[in-house]
Amino acid sequence: MAAIDFDDISKTFRHGIRRQRALKGMSLAIHRGEIFGFLGPNGAGKSTAIKILLNFIRPDSGTVRVEGLVVGRDRFQHRIGYLPETPCFYENLSGLETLWFAGKASGMDGQGIKENTHQVLSRLDLKTAGAWPVRTYSKGMKQRLGLAMALIHDPQIYILDEPMSGLDPLGRRLITDVILDLRKQGKTVFFSSHILSDVERLCDRIGILDKGELLFSGAASEIVQDGSSLEDAFVRLIEEHEKAKSA
Amino acid sequence: MKHKGTVLLLFSLGMLLLSFSTSHLAVKERRENLGISYSLDIDSFSAGLMKVFAGEFKGLLADYLVLEAGAFIGGNEYLSEEQWEKVALAFEQSLRLDPYFQQTYLQVQGDLTWWGEMPEKAISLLDISRKHRPWDWYPGYYMGFDHYYFLKDYARASEVFLDTAKIKGAPVLLAVLGGRLAVKGGRTEAAIVLLESMLGDPELQEADKKEIKERMVALQGVLVLENAVKKYKDHRGAYPPSLETLVDEGLLHQLPENPYADHFFFNHEDGHVSFDEVG
Amino acid sequence: MHKILLIAWVTFKDSIRNKALYGIFFFGLVLFAANIIITAMFSWELGKVAVDVGLSVVSFAGLVIIFFLSINLVSNDLDRKTIYLILSRPVGKLQYILGKYTGLGLILLLSSSVLGACAALSVEMATHNVKGYVPMHFSWPTFFLGLTFLTLSLLVVLAIALLWVTVTTHPFTALLLSLFSYFIGQNVETVKSIIITSQMYAENPMLTRVVEYASWIFPNLAAFDLKTTAAYGLSVDAGYLMWVAAYGFSYIGVCLVMSILIFQRRQLA
C-alpha cells in the first residue's frame, strides 16, 4: 500500500465566469519510506494538490488515499505532519504553548508532549526562543517552529510545502538535515520545492508537474542526461510540454 | 461517517429551530402582554448634553427619538401622565437635536395636545419649530389654535395668528381668524393695523382682499363701539344697557355697519362688543 | 469534546494577550470614571443615570470586542491560513467552530464580569453620597440580572458575527453584515410596531410582511435589554426571563449549527 496515493485527481477553479483548470487527472503514488520531491513552475498546481491531499479543498473527481484512508471520508490527520508554505501561528502564544496545542490537537498526552517538545526544540535550535511569543520570531524561526509542529506527534508521513523557501543557507542546511534524519527513521516525506539542488540531493524520487499535468515521476537519475543537471532536465521537460500544448 | 455527522447536525438544527420558534412566539406574546414591549427608554439627559454625545449623528438621533415616541404612543392604549411626560421629553430632545424636522412638530401637535393633554408643553415645543422654520406657517397656526382652543387665551392666540399671517403663503384665513380673536382678547387695534398692512400685498387675490376689507370694517366698527362704551362707563360707572344708548346719549352720531350682520352684538353685563354672536 | 475546549483555550489565550483588548478595558475604565462625573451633572435620579451609563459601557465594550476583535481573529485564521495548522490535525470543522465560539464567548464573559464589576463600583461611588436619590426599588439583583441578559445578547451577536464570517470571504463584509444585523436586531420590534399601528402603512401588506419576516430572521435584541428595568429596579417576570433566555440560547444554537454546516462545505483555498 502506498503512503500517499493520488488517483486521477481533477480540479477546476471558478473565478467569476473565468475557469481555471488546476489539475487534470493527476495520478501519483508516494511509497512508504521514500523522500519524494514535488516540482513544477509557479502555478503548476502543486499547492492545489497539497490542499486536496489535506482535505482543505475537494477535488472535482478522483480520490486521494493516505495509507489506504480515503481523504474526505476517513480520519487520516493523525498519520501526517504538515508544514504550510508560510506558516502562521497565533502570534500571542509562545513557541512552547504552540507546540503544546499542536500535541494536544493530535491527541498526545501531557508527558509525551513534554518529552517530544524538548527533543524537537533542541533539534531545531529553538530552545531559548521557546518561551517567547511567536510574534517576536524571525521568518526563519517561524519556519522552524512550523516544522516543529509537524514533528511533535512523530507521524509516519510528512507533507512539507516549500520548506526551504525564504531561508538562509544555515536554515536550509538544518531542514535538509532533519529530512535526512527522517529518512533514516524510515518515514515518508512528500515535499514541494523550487530549489532543484536540494531536491536532487535529498530525493529518492521526484514528480514534475506543469499546467496541472504530471510530466514525470521517478528517480531523478532517469531524466538527468549525462553531464547535465536536474535543472537542465527540468527546463527541457517543461519547454517540450509547453511546445506540445501550443502546437 | 460523514453523512451521519451531517444528519445529526441537521437534526439538531431542526430541534433548535423548533425551540427557537417556540421561544420567539412566547417572548413576542409576553412582550405584548406585559407592555414591556413598548416601554419608552428616554433617558433624563438634558437635551444639551445629548447634543454633545450625539456629535454628527444628532439628526439621526432626533429622527430615532421621534420614531420611538411615535411607536410608544401607537403601541399603548392608555398612557399614564408620567408616560406622557416621557413622550414630551423625547419630543423636546428631538427638537433640540434637530429643530427643523417637520415630523416632530406635527406629532407634537397631533399627540401631545389632544391625547396627552399637555397644551402648554406643546406650545413651547411648537415655538421652537416656529422660530427655526420662519417660512412655515403651520407651527404658528397650531400654536395659535392651542392658545385659543385649549387655553382660551384669545389675546395670545390672536397675536400668534396675526404674526403667522405675515408669513408668505399663509392662508388669509389666519389673519381673519386672528382679527376675530383680537376682539375677544382686547387687541382690536393691533389687528386692524396688521390687516391694513396685508392689504398692501400686491399678490393678494381679489377674493381674499374683499374678505380682509370686510374684516377690517367689522373690526373698526368694534373699535369705535368699544371706545364709546368705555367713555360711557367712565361717566356713568356702568355699561350701557344697549348699543343704541350710545347714540341716544350723543356719544356716537350713528352706529357703524356690521358687514357680517344687521348690527353689532353687545353684552351689557361685561361690556363686550363683537361682530358675531359666537363666543 | 476536549478538542473544542482546546481550540477555545488557544483562542482565549491568544485574544487575552491582544493589545486591543487592553485598549478596550482601559477605555471602559475611563468611561466609568466619566460616569461619576456625568452622574454629578444630574440633580435627580442619580442612581438611574449611573446604572444606565454603567451598563451601556459594558454593552458598548462587548460590541467593540465582537466587531473589531472577534471578527478579525476568525477571519485572520481563514485569511492567513492559520487554520491549516489546526485542520491538518485530527480536529473537525465542527470542533473548530464550536471551539472558536467558546473561546471568544469566554472573552466576552470576562469583559462583562470585569467591566460589570467596575460598573457596579462606579454606581456605588456615584450614588454614595446621595443615598436618598437612589430609586426606591433599586436592587443589586436586578442590576446583575440586567448585566447577565446584556451578556447573553452579546453572545447572540457573537453567534451571528461568526455565522457571517463563515459565509463571507472578506472580513469587512462580515463586519458590515454583523453591524447591519445588530442594528436591525435592536430596532426590528419598534419598526414593526410603527408599521402595524400606523395607518400610513395599512395598505401596504408587502411592507408588513417584510418586517414580519425580518423579525423572525434577526434576533429581537430589545428583548434582552433590561437596562431600564435595572435602572429603576422594576420587578421582572421570571417566566418572561426564562423565555428570553431560551430564545437567546436557541438563536445561538441555530447560528452555530448553520455556521458548521456552511463551513463544512466551504473550501479553504
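Quick notes
In order of appearance the chains are A, B and C, and numbering begins at 1 in each one.
The definition used in the following text is that a residue touches a chain if its C-beta (ideal position, glycine included) is under 8 Å from a C-beta of that chain, and two chains touch if they have at least 3 such contacts.
Because the structure is a prediction, the values reported are computed rather than measured.
Using the mean of the Cα atoms as each chain's centre, the chain most removed from subunit A is B.
Geometrically, the chain at the heart of the complex, using CA-atom means, is C.
Centre to centre, using the average C-alpha position, subunit B and subunit C are separated by 43 Å. Centre to centre, using the average C-alpha position, subunit A and subunit B are separated by 80 Å. We define each chain's centre as the mean of its Cα atoms; on that basis subunit A and subunit C are separated by 42 Å.
By the touch rule above, subunit C contacts subunit B in their complex via residues 41-42, 44-45, 48-49, 52, 94, 189-191, 193-194, 197-198, 215-216, 220, 223, 225, 227-228, 237, 239-240, 243-244, 246-247, 250-251, 253-254, 257-258, 260-261, 264. Subunit B makes touch with subunit C in their complex at residues 5-6, 9-10, 12-13, 16-17, 19-20, 22-24, 26-28, 30-31, 34, 36-39, 41, 43-44, 46, 49, 67-68, 70-71, 74-75. The residues of subunit C lying in touch with subunit A in their complex are 2-3, 6, 9-10, 13-15, 17-18, 80-82, 84-91, 267-269. Looking at the complex, you find that subunit A touches subunit C at residues 13, 51, 54-58, 75, 77-78, 80, 82, 84, 86-93, 97, 101-102, 104-107, 133, 146, 149, 159.
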